[in-house]
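Shared between the two complexes below is subunit A, which has subunit B as its partner in the first and subunit C in the second.
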Partner chain A sequence: FAGLADVSIAEDIPVEGEITVPVGSHSPDEDYSTLDEPVRDTIMRDLKAVGKKFVHVMYPKKSSALLRDWDLWGPLVLCVSLALMLQGGSADSKEDGGPQFAEVFVIIWFGAVVITLNSKLLGGTISFFQSLCVLGYCVLPLTVAMLVCRLVLLAGSGTVSFIIRLIVVVAMFGWSTLASTAFLADSQPPNRKALVVYPIFLFYFVISWMILTFTPQ
Partner chain B sequence: RHPLATFFHLFFRVSAIITYLFCDWFSNSFVACFVTILLLLSFDFWSVKNVTGRLLVGLRWWNQIDEDGKSHWVFEARRVPTRAASTEAEARIFWLGLIICPVIWTVFFFSTLFSLKLKWLALVIAGISLQTANLYGYIHCKLGGHKSTSRATSSFFVTADVPKRQERRTPDHTEEHGKTGTR
Partner chain C sequence: MAAVDDLKFQEFDDAANLLAANPDATTISIDEPAEIPKNQHSRRQEPGREEDDELLGTDDSDKTELLAGQKKSAPFWTFEYYQTFFDVDTYQVLDRIKGSVFPVPGKNFVRLYIRSNPDLYGPFWICATLVFTIAVSGNLSNFFIHLGKPTYHYVPEFRKVSIAATTIYAYAWLVPLALWGFLMWRNSKVMNIVSYSFLEIVCVYGYSLFIYIPTAILWIIPQKVVRWVLMMFSLCLSGSVLVMTFWPAVRDDNRRIALATVGTVVLFHALLSVGCLAYFFDAPELDFPAPVIPAHNVSTVITKS
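And then the complex of A and B:
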């Protein structure tokens, strides 16, 4: 390249142009139609995508729907409902559950961000928001567990109810961890899979612990 | 032309700010206020990103993941901008709403931090990130559209410089020759 050092383009030749990168599935006709589609179509399309992802979490087969079209609505709804259900346990009644509610929120979102950063640092090919999406959606089994625990606690809080709650929470914890590793572990090189699965295990363990130790006022 | 879109563009943002400021009047419960503001912020993010942007100013941005898992952020602008008076007014409302609200949430951030009401901090940070994301996305769309016009103007100025440069070249001939060997 030494010979090119003294080559220069005359500055009076205008160098300009337009580079358009043809984006895969968006042909101009499709662009036009989704740019001007009625609002109801947009809403229904997004709602259907969210619903499809919930179904995919309950039956974690190998599908790319959860990964490809990520969205964070499901995690938001799950996080809010879990935080609402976890609130009001073992706190004074004069504090209206404020710090606890924000705590659950921060634990879930901050934990998910840390796991995502961890998997990216280990060389994962999955993108930041995809990973947040998967981790958030896989909180669904634990939210169901929380619902069941609250119902069981309505009936009573003795040893039997504790055993039932323990079994339910452990089962849902296993389900969550398996579902999320089914989606996330593939994006890692094979000798790093355990390093990626271990923080996910911890994350769901902490949430399960919060659910199991919940005792209402 | 899109009064409903304009209304909703401002409605969710302004309601979130008003609820945050006056939450003590509405209800005693921190949780109810937190959830309400969070839901308002989320609806605002979705509606500005997916609906009001493309209806009011013809801009859109999204994230796309292709076959091998790489994610691309795509920013696009409508090619033929319509220049009616009502569209100008709508565009102005759009941009004003887009810019002023993140600034207000940043002010809330500092006031929450310094008055040590830390339980609201998570909510304020969520508000700032959601609104700034939309602001950044739309500015990127807008600047992407303008890049071709700025390049055209710079080429215009460069060609206008040509006569002066050629005049200057004869006295500095030796210097030019040194710099540009192939000439």
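And then the complex of A and C:
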């Protein structure tokens, strides 16, 4: 910049011009202000995000979309529907029955929080809510298994139906565990992966057990 | 713009001299393998604090602190403090589990496996696994025992999970607390050579419960003799781990107090296993119904005379 050292602007010449930049398109404004759009757009955007994550869980590939834009709507819907479907069995309060709604809810959410804390304490780099999101979404195969179990139980509750339910629940349990491991394993230190995967295995095992032992009245 | 000098090969001076010449330089210390995770943690989580230490010239004190084995330097309200309790790798956890299942006579579990690094991962997850194993196995065994009967309607018995959780977590945390308090009190009276911190005692108790997981699974077998044999076997194994750990801590004390302490430890352990067997697993029924009429006759004979 040596050449500019001797440039001086005479004080009697006014400096004038335009500072504003002509705005060609309105897209920067639209990104920040979603206040004016129709309500249907807002809801559909969230629903599409949730639906896209469901598809990611059913076909787990190593994509970071599930991790980047976390949301807890999907896990909430799955947890509530699973807890509702586990009702209606052994409503007899005289003896021990199946899990109550609150028990299922607490097990899923408390279990997910404990597993997330565990992976963070072991040195994982994933954030708290991202991990909750992944664990919640990977309950989807087990919710599908619960639906199938209830339909099979409508047909009958003999040995054949038990074997069908067993196969379905075991398959979905494997799918859940593999899906969540595929998403979460990369963020763990390499020599502690097994320490992080085992609690996830235990978590889905407990949920599968609740599904398998569901007996309607 | 790189000067010509920069492209020439330079001898690198000793790290201490370089640091003395330029205290702002970032340093990488390659310590023993066991300490690398700690370094990585502190460097990844709080790079700002590391830089402050280097600027203040306290890098040496940081290193000596690490080498002395003191890791709990973070204040207890930070997340890093609790991370020091989970500073174990997979092979370390597996080694500790192996040490609790195959106790080597004469070798102290704490001194051999835990001395430098008590962890909370093992106790917490072994207790969680044990809770669900006992509940599930108890449910399964009751199902198989009552299978043929027409009046039996299967229930999942979910209440028992919460009861099992309360019992096992209370045992794994309150009994070590009481034992630690007792040992501290005796330590103030009699100078013991060996003393354990609270976390080390929790660790020993947690890992010693591991043997009950396969035992609970095998308790599904509905034979009374098999169950009691299994219980004796697992009680001996885990009891011996506890005895070998705590005997050196009380042996310098009054003989009777030492024996009473070790006896109480084993007694509580036995109570836990007997209680679990009795509550969660129904007794396998006899093949024939107990005769009712002769007993009635005997009782009437007794009352008459």
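Details
The working rule: the second predicted complex is superposed on the first by the 168 of 217 C-alpha atoms of A that agree within 3 Å, B and C clash if a C-alpha of one lies under 4 Å from a C-alpha of the other, contacts with A are read in each partner's own complex, and residues count from 1 in each chain.
Everything that follows uses one rule, which is that a contact is a pair of C-beta atoms (placed from the backbone, for glycine too) under 8 Å apart; a residue touches a chain by one contact, two chains touch by 3 or more.
Since this is a predicted model, take the numbers as computed values, not measurements.
In the overlay built on the shared chain, the residue A:D46 is in contact with subunit B alone; subunit C does not reach it.
Touch criterion not met for A:S161: it reaches neither subunit B nor subunit C. Looking at the shared chain after the overlay, A:Q87 reaches subunit B, while subunit C stays out of its contact range. If you count the residues of subunit A touched by subunit B and by subunit C, you find the higher number for B. Of the two partner chains placed by the overlay, only subunit B lies in contact with A:S187; subunit C stays clear of it.
In the superposition on chain A, contact is made by A:A102 with subunit B only, not with subunit C. Residues common to the contacts of subunit A with subunit B and with subunit C across the two structures: 96-99, 125.
Residue ranges on subunit A touching subunit C, taken from their complex, read 89-90, 95-100, 103, 118, 120-123, 125, 189, 191-195, 198-199, 202, 205-206, 209-210, 213-215.
By the touch criterion stated above, subunit A contacts subunit B in their complex at residues 6-8, 10-12, 14-16, 18, 23-24, 26, 31, 35-36, 39, 42, 46, 67-70, 73, 76, 80, 84, 87, 96-99, 101-102, 105-106, 125-127, 129-130, 187. Partner subunit A is touched in their complex by these residues of subunit B: 5, 28-31, 34-35, 38-39, 42, 46, 50-51, 54, 58, 60, 63-66, 68-72, 74, 76, 78, 119, 122-123, 148, 151-152, 155, 158-159, 161-162, 165, 179-183.
Against subunit A, in their complex, subunit C makes its touches with residues 37, 40-41, 44, 79, 82-83, 85-86, 88-91, 93, 121, 125, 128-129, 132, 136, 139, 153-160.
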